[in-house]
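Shared between the two complexes below is chain A, which pairs with chain B and chain C, respectively.
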Partner chain A sequence: MEDATVSSPCRPERLQKLAVSDTGFVFDPQTGQSFTLNSTGLMSLNLLKKGTTVENTAACLAREYGVSVEVASSSLEAFLVQFGRYL
Partner chain B sequence: MTIIARKTNWRFANVAVTGINARTENPGPGMAVARCIRECPEFRGRVIGLGYDALDAGLYARELCAASFLIPYPSLGEKALLARILQIHEQMGLDVIIPCLDAEIPNFNRIKPALAKLGIKMLIPSRDQFNLRAKDHLSAFCKSIDVNVPESKIVSDPSFFDTCEADGWQYPLVVKGIFYDAGIAYSPYDAKTIFGRLVSQWGYPALVQKMVYGDEFDLTAVGDGKGNLLAPLMMRKRALTDKGKAWAGVTVLDQGIEEMANKIVKALMWCGPLEVEVMKTDDGKIYLIEINPRFPSWIYLSHAAGRNLPVTVLKLLDNECNFDFPPAKTGKFFIRHAQELIVELIDFESVLITGSLAEIPERWIQEGSGYAEHV
Partner chain C sequence: MQNMFNKAIWEPPFIQPHKIGEINKFGRRAAKDNICDTVFGVPVKLLVEKYGSPVFVTSEKQIRENVRRVKRAFERRYGNVIHGWSYKTNYTSAICNIMHQEGSWAEVVSEFEYEKARLLGVPGERIIFNGPNKSKAILERAIAEGARIHVDHLEELHTIESIAIARGSVVPVTLRLNFDTGYTEPWSRFGFNIESGQAYLAAKLVALSPHLKLTGLHSHIGTFILEPRAYAEQVRIMCKFMRELEGNENIQIESLDIGGGFPSNNALKGVYLPPEQSIPAISDYVNAVTSALMEGTQYRRESNRPLPQLIFESGRAMVDDAQMLLTSVVGTKRLADGRRACVLDGGANLLFTSYWYNHLIKLTSEIDGPVEETVLYGPLCMNIDVVRHSIHLPPLKHGDILAVHCVGAYNNTQWMQFIEYRPNVVLVHEDGESSIIRKAEDLSVMTQQDCLPSHLQIPFLDIGRNGRINKIASVGQIEAVS
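Entry: the complex of A and B
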């Protein structure tokens, strides 16, 4: 299993605790915060929760959505910074 | 009339609950406590509501309280309270009382030995425990056990608010009544207005506290009097009333808050229900705001989260508690709402004239509440 923290501002143990629904609804049982993710956010979070590295997550997103790895990486980084503020 | 001490299993107990007022902006916890007990499938006893005012909604909540009685206000002292409890005991045969309001705990403490002789049990903090967690002693207590608390100061002279900024007390500040209530002051004028209101209602002195910014969390649990924190349940406030009370919240699990509560209960050897109010800052620091010596008004959430704390009190009083509580369910929300309770004139009349609203005993016997076997 790879480490999801290499360049992620979200700690893996915090990600593991999140309750994530297929609809994109996310509940943080530690803070009581809830979030709604779009499909790319949901896919990213599910991959990171499984232990996929940020780099591999970006590669998966690029493949899935037909964009370059650079575009996917940049979007993923922005998402993680934003999400990390709440965790 | 002879009053006989009853010996009843908690499942068949007559449980009196106070604090059954239900003002929407700040309801007492009593009705939620009654609801927790009534909704426990094993409970076959009766809940008896004890109110202070004929407009306390719980007096008329027939689905919760089998009978209801008015009791004297705490300011009338313990003798008046004991006399009234004895009258109610003669009529109902009480087994347990769960006091749900801060101001009545000292009186109940004083009459505890007399009630114990009659077989009426209570799980409440001792006078020392009650005093140590009081607002005016909280800072010193927290320092002694290394718990963060916002800097606070006792204020008796309102002129303090004109010069406090020069001494490092920058606005906004929280001004608190000695027993209850608080307000946020953004200027000396605000502070003096709030101070005047609080001391006229709750007496001198008041407290001033530096603001801490963050998210508000509450923890409720039961202390067993031996230093153990039983069945802690945490809730994050999701929406507040004008008085800063939660009207929506969600159960959470935060190790830091639980550790703080453990420390408090261990240091005080706390006995009975409690609510620990904390503020968690963005950098993860947890500040203790208040310790309340009773269940919170959101206690029904404990039943929903799989840890029915009022029933835990009944079990503890009956020495039937295995301390093996299931994990509290996180993600359980509550949203408080107001509802009109329809009251028949004859019931209102009964409360006003006799101070009680009771069913006839034959009816309870028919309901198979377990009463018949014990009288």
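Entry: the complex of A and C
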């Protein structure tokens, strides 16, 4: 796996601090805020936490869910923008 | 969940922040309070299995209790009271007959409604005939059958007089009035205006005619009125007008009809407080009406004259909470703005009132998952087909059933025959048994009024009614290919 790229609006060190459950419950110890992720959001966050690039995360999503890489990429981009607002 | 290619179903990644402790005007409802697995005592699953989805479910017990409660409240305070069941609120035959069995008269506003009441067996003298469009033919019938005619405009008055002359009889009439109570938007398009003198002029015309007799006054000040004092003011104005007429003309008013407009326990869009806090008790309305009436008719008691009969035409308050709609989820999606959305098999086509109410909608079984803001769409290919713009629900899936509360008023009459068949309407009887009171529509219902000219009997000129391809010599000359 490669390092998370700077193209993500979410800082890698912030992602690392997040506690993520298998069911999609996310706790941010820095702010005390909690979240719920849907299944694609959970898969994306887990991959990004492991250091997967945004591009490769989108490719994994596309493979797993049977959608085009373009669809997965644009959706992931929107997700990261949304996520970035909370971190 | 897997799709047909054994891949997990795609949904764009989404994160929902938890808003614990945020300011919420209604507080957060416990999930279990939001589950309604029986409707009027019958399990939801059983109803949907037996009658399909969507389905309207009506409670006979609730209707009877509603009517009895309101009538008792009026009768305790005034005595001489008639309830006119507003057909336009819900003219399903079984519902009308429940009302009639409870002693309510029929309050109709059109030829169709008049004919329906008569078809059900309501005698003419127990029909209150309102509405701005009464043809001469239906007026002739209604007058012959002794219905109470409420006059909306001068042309109608002239028509009634001409019928009376032709019959050689005196026809009793009620004048519909409009005026400003100071509480509600005046409905000046209906009836005769008091402030401008139009109403007095109409009364004078009736008094001068040897063929007409003014016996009643009627007004309807609006709909879903949240202020009981509006009714007190209405009655004060009507009584003042009655006294003025009786003082100046040879007139004796026998009935005062205050129309309808009492609210139901529904949540109007744009009203901040929930219905249980914003809607006054029915006794508040009854007190307002009867107190003003006792005061306004004091002059009658002083001269030992009989008090006028009080007529009220409440519809919504009698039936709204006696009907629910069960509707199923047919699809789910995540909107581009991140909100969750569901498509239901019943929408604005069945719930006309969803345009002005935020109906109470409950789950009918426990559903796990985080509660999220959700948009509920109906089945129409119209962007305005929205049952709820925003409701907090757990993740619904195909087949989940929702129970929409308080739908008994104005849906079974204003529903749209657009692109969907209208579903079964079911009645839960007082003994808990259920039966269909209006059958679901099918293709024959939808096409029975169509007429096809002979040259339009077939859709494609090269395909016959038997489905065989025909050889076309020229348009209009077809021979079947053997």
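In the analysis below, the second predicted complex is superposed on the first by the 85 of 87 C-alpha atoms of A that agree within 3 Å, B and C clash if a C-alpha of one lies under 4 Å from a C-alpha of the other, contacts with A are read in each partner's own complex, and residues count from 1 in each chain.
Everything that follows uses one rule, which is that a contact is a pair of C-beta atoms (placed from the backbone, for glycine too) under 8 Å apart; a residue touches a chain by one contact, two chains touch by 3 or more.
Please read these numbers as outputs of a predicted model, since none were measured by experiment.
Engineer: According to the contact criterion defined above, which of chain B and chain C contacts more residues of chain A?
Structural biologist: C
Engineer: What is the contact status of A:19 with respect to chain B (first) and chain C (second): first, second, both, or neither?
Structural biologist: After superposing on A, A:19 lies in contact with chain B but is clear of chain C.
Engineer: After superposition on the shared chain, which partner residues are touched by A:83: those of chain B (first), chain C (second), both, or neither?
Structural biologist: After superposing on A, A:83 lies in contact with chain C but is clear of chain B.
Engineer: Between chain B (first) and chain C (second), which does A:30 come into contact with in this model arrangement: first, second, both, or neither?
Structural biologist: The answer is first: A:30 touches chain B but not chain C.
Engineer: Based on the superposed arrangement, let me know which partner A:61 touches: chain B (first), chain C (second), both, or neither?
Structural biologist: Touch partner of A:61: chain C, not chain B.
Engineer: Can you give me the overlap between the chain B contact set and the chain C contact set on chain A?
Structural biologist: 33-34
Engineer: How about chain A: which of its residues touch chain C in the complex?
Structural biologist: Counting only chain A, the residues touching chain C are 26, 33-41, 43-44, 61, 64-67, 71, 75-76, 78-79, 82-83, 86.
Engineer: Residue numbers of chain C touching chain A in their complex, please.
Structural biologist: Residues in contact with chain A: 3, 5, 7-18, 20, 334, 338, 370, 372.
Engineer: In the complex of these two chains, what residues of chain B are touching chain A?
Structural biologist: It comes out as residues 215, 217, 235-236, 238, 249-254, 330-331.
Engineer: Taking the complex as given, what residues does chain A use to touch chain B?
Structural biologist: Residue list for chain A touching chain B: 19, 27-34.
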